[in-house]
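In the two complexes that follow, chain A is the common piece, with chain B as its partner first and chain C second.
Up next is the complex of A and B:
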């Protein structure tokens, strides 16, 4: 990188995130203090299609990107002279969407000859925890979102080891598919969560434990079981309360997520468990995890909702680790839809 | 007034820098390789050669489409984000108008065009007058057959410019016979020297926020949705 800013610990980073359908920018200081966190959601625009339309998401990002960055800079009350670096989500995500953020970040960094920090989207979700309190290692992170269900071990700062992952659908994907089956509006996850609170676990749906020593997950069987149960009930002329189906489905998902997290935490003697990703906004999951760790020495960190769903403050937090390791990118940085975490 | 110009709307990537009435430098390549990876290094290379700092720039010109959705977005996003960060205006110019500039001393009609799949092309009709190219029929996406019918009625020579001549040569020659001309490989290549010329002479300065691509059509999902919901509103 053609810049020689002094390496400091309370650096100010402008972070940009456009991996899916949120155009987001934030200013974060020292990987800890959020000076601003702006998210322009596109949900309304995609809702009528029942899911994110990638080309439409890219178009909205292009329309919104400078407005969002400007608002983040203004809310933080920061000038370009005060900025130490520009960070951006490199991947994974929708390629066309990622490209808008990456090219905007490069242009802003280039204009002011600032270092460019590439950030992995999932490391962003995980590092959102640093905005609440300092890490205690070794730590474990349960990452649950529309595209991810993973158990990740952190032995030290920024060192990620995937010890478990989904073999088919991500948890969030299962939520969306079941919501569609129940004819709930998009996005389905929060809808099921809300219904589940009003229902009872009356139905016996499968829980995929897999091999006894495995930290992997599987949700496709559960999804099929929901569809079959509804179908069979209809054939018999019976009705199933959507509230009860939601509660039963959510019970299966939350039980396996909580149990495996607890088991992995004790097996790896971790000091802290961090829950990350959009599904971490799910109330059923939040309370089950709180119960599971209530009488344990392990510190449980569940970020507030605004830091669970996609945002750029988490990218700024993860960029702090990149900053300290001096992992900068060159001007040829590209968006990488299938970027690996490790 | 120092101006940077960017065109990534087709496989051709062109970056240029102009100062008042002078082209200081231009870097143009014509091969299929990722614009997202190559654009910023190209800008950096050219500005360094010219010993120009980003902060020395007074404006940024960009080809706004039509063209490849992703290519146009890379150019537009880079141009508007850099312009916003430097607090300078953007001059957004039609990608087809940039191509038409290559024929500014041709006496007939000019049809810059790009293949738009499924028998369609992005095109518009231009005409040069003493080196100044003017728009006759606005840019659009249209079935090539429909476009050729429209041109045939004009009964004048038409010069076709673009990278997709080979793909459509047969249909064009069949429809227009000896009235159809095609440009040589140089005039078929969009170049930022011409984009700068347009920006300096006809360009209207826009604030970075206002600059958006010219796609000439909705997304597939929106088109399908509109078709499926046609008339629904009226009954509501």
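Up next is the complex of A and C:
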């Protein structure tokens, strides 16, 4: 691979992300400056099915990927010759979806003889914070999305240690499943967030604290409690306002996420807390976290919504760390659905 | 052959699954059906524990499949969003025919891909906390497994 370009600090990277239902490409310079950030979302096609449909996802990625890359290059106003590397999400995600991005990245890298940088999707969500301001270590990241609910400790740049994770459903998955029970359209998170603002916490739903020293999460008991409460009310001929159910459910989720993040931050003496992933777009969670850290020395970073949902600028930001460490991939790079964060 | 067991808590569900887990062999396929919150993930945790898997076993919904290394490999799948055609495309059959144990949630979506011999498990909601767990062994292998389970069953928890 081309190594003579790797001395550069202000490198220009084309980043590609196709791990789930967004086809995204971005051009990022020096891990900080976003020259372009293009996202083609498939939410509309998946709404009919109440969730991401893998085969649909791969098909849409295949249809979109070339246009998305071209648009990212055009908007950044650069040529392929000006690129220093191509970065791509290696995993985790849906296998068919990942493969579209990995192969597109390989094609561009091979055609233009550029190094290929593999990026972990979650490191991307975390490193989105780099686009706002430089990191302060040690740092803690709360990653909350449809597939993940994790507390990750960053002792130094690019060093990730998972200190807590969900034992059953991810937070975003709990939102989607509760939304399915309430017969709300997909994606369920924003729907419940919106309803919750209009409702009151009138229902007593459980909060899973688990063992007192654990930073793990559990949302399946809460999901069952929602189902049971709705089921029992129906049998008694009572109606529960969906707004109140949403507010009560959201209260349980937000309380445990906020409290455990606060506890982990103080136990590990972190300087900065970064919230990442699609559920970081949730207004209830954002305001609870802001309250929790308002009178603390710990800097709380919640990226804007456009950087919380899946995008490729975050992959470009994380690729900067890979670039500096010279962590390149070979042409046999593959999509890894269950890739671990190390 | 069919057995019916009652579970009064997630721990009961895990306990029963552990007993089944100790009897599993390479290539065994278990299907798991039941509505949201019935305990499908808990049941799989029990199987994983009996297979000596130390890693956290959580919901495979988002990635369709999660793979774990233990005494035998465990393939935990949630095929709720799959169509048969694409299940074939992602190579599901290769896992089912492999040397691990496959646990498939919402398996009725891909019935034509399932092997003739399997253990069909249905978790039915009775009350908020109790579940009726039906174990249906299809084929000699799983009729034998259920007989073995009955013989060695430890009803205490």
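FYI, the second predicted complex is superposed on the first by the 339 of 342 C-alpha atoms of A that agree within 3 Å, B and C clash if a C-alpha of one lies under 4 Å from a C-alpha of the other, contacts with A are read in each partner's own complex, and residues count from 1 in each chain.
Please note the rule applied: a residue touches a chain if its C-beta (ideal position, glycine included) is under 8 Å from a C-beta of that chain, and two chains touch if they have at least 3 such contacts.
Every value quoted in this text rests on a predicted model; they were computed, and no experiment measured them.
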| item | value |
| --- | --- |
| Combined model on chain A where chain B meets chain C, clash or fit | fit |
| First (chain B), second (chain C), both or neither touched by A:271 | neither |
| Vertex chain A, arms to chain B and chain C (CA centres, degrees, nearest 10) | 70 |
| Partner chain in contact with A:103 - chain B first, chain C second, else both or neither | first |
| Touched partner set for A:173, first chain B, second chain C, both or neither | second |
| Touching partner for A:93 - first (chain B), second (chain C), both, neither | second |
| Contacts of A:41 with chain B and chain C, given as first, second, both or neither | neither |
| First, second, both or neither for A:181, with chain B first and chain C second | second |
| Which superposed partner A:146 touches (first chain B, second chain C, both, neither) | second |
| Per-pair minimum CA distance [chain C against chain B, superposed on A] in Å | 5 |
| Chain B and chain C contact sites that coincide on chain A, given as residue numbers | 49, 53, 55, 96 |
| Complex contact set, residues of chain B against chain A | 34, 36-41, 43-44, 54-55, 69-70, 73-74, 76-82, 84-86, 208-209, 212-213, 215, 219-222, 225 |
| For the chain C and chain A complex, residues of the former touching the latter | 10, 35-37, 41-42, 56, 58-59, 61-67, 80-83, 85-86, 89-90, 128 |
| Residues of chain A that touch chain C when the two form their complex | 49, 51-55, 92-96, 146-148, 165-170, 173, 177, 180-181, 216, 220-221, 223-224, 227-228, 232, 337-338 |
| Chain A residues touching chain B - in the complex, by the definition given at the top | 48-49, 53, 55-56, 58-59, 62-63, 65-67, 69-70, 80, 96, 99-100, 102-108, 110-113, 330-335 |
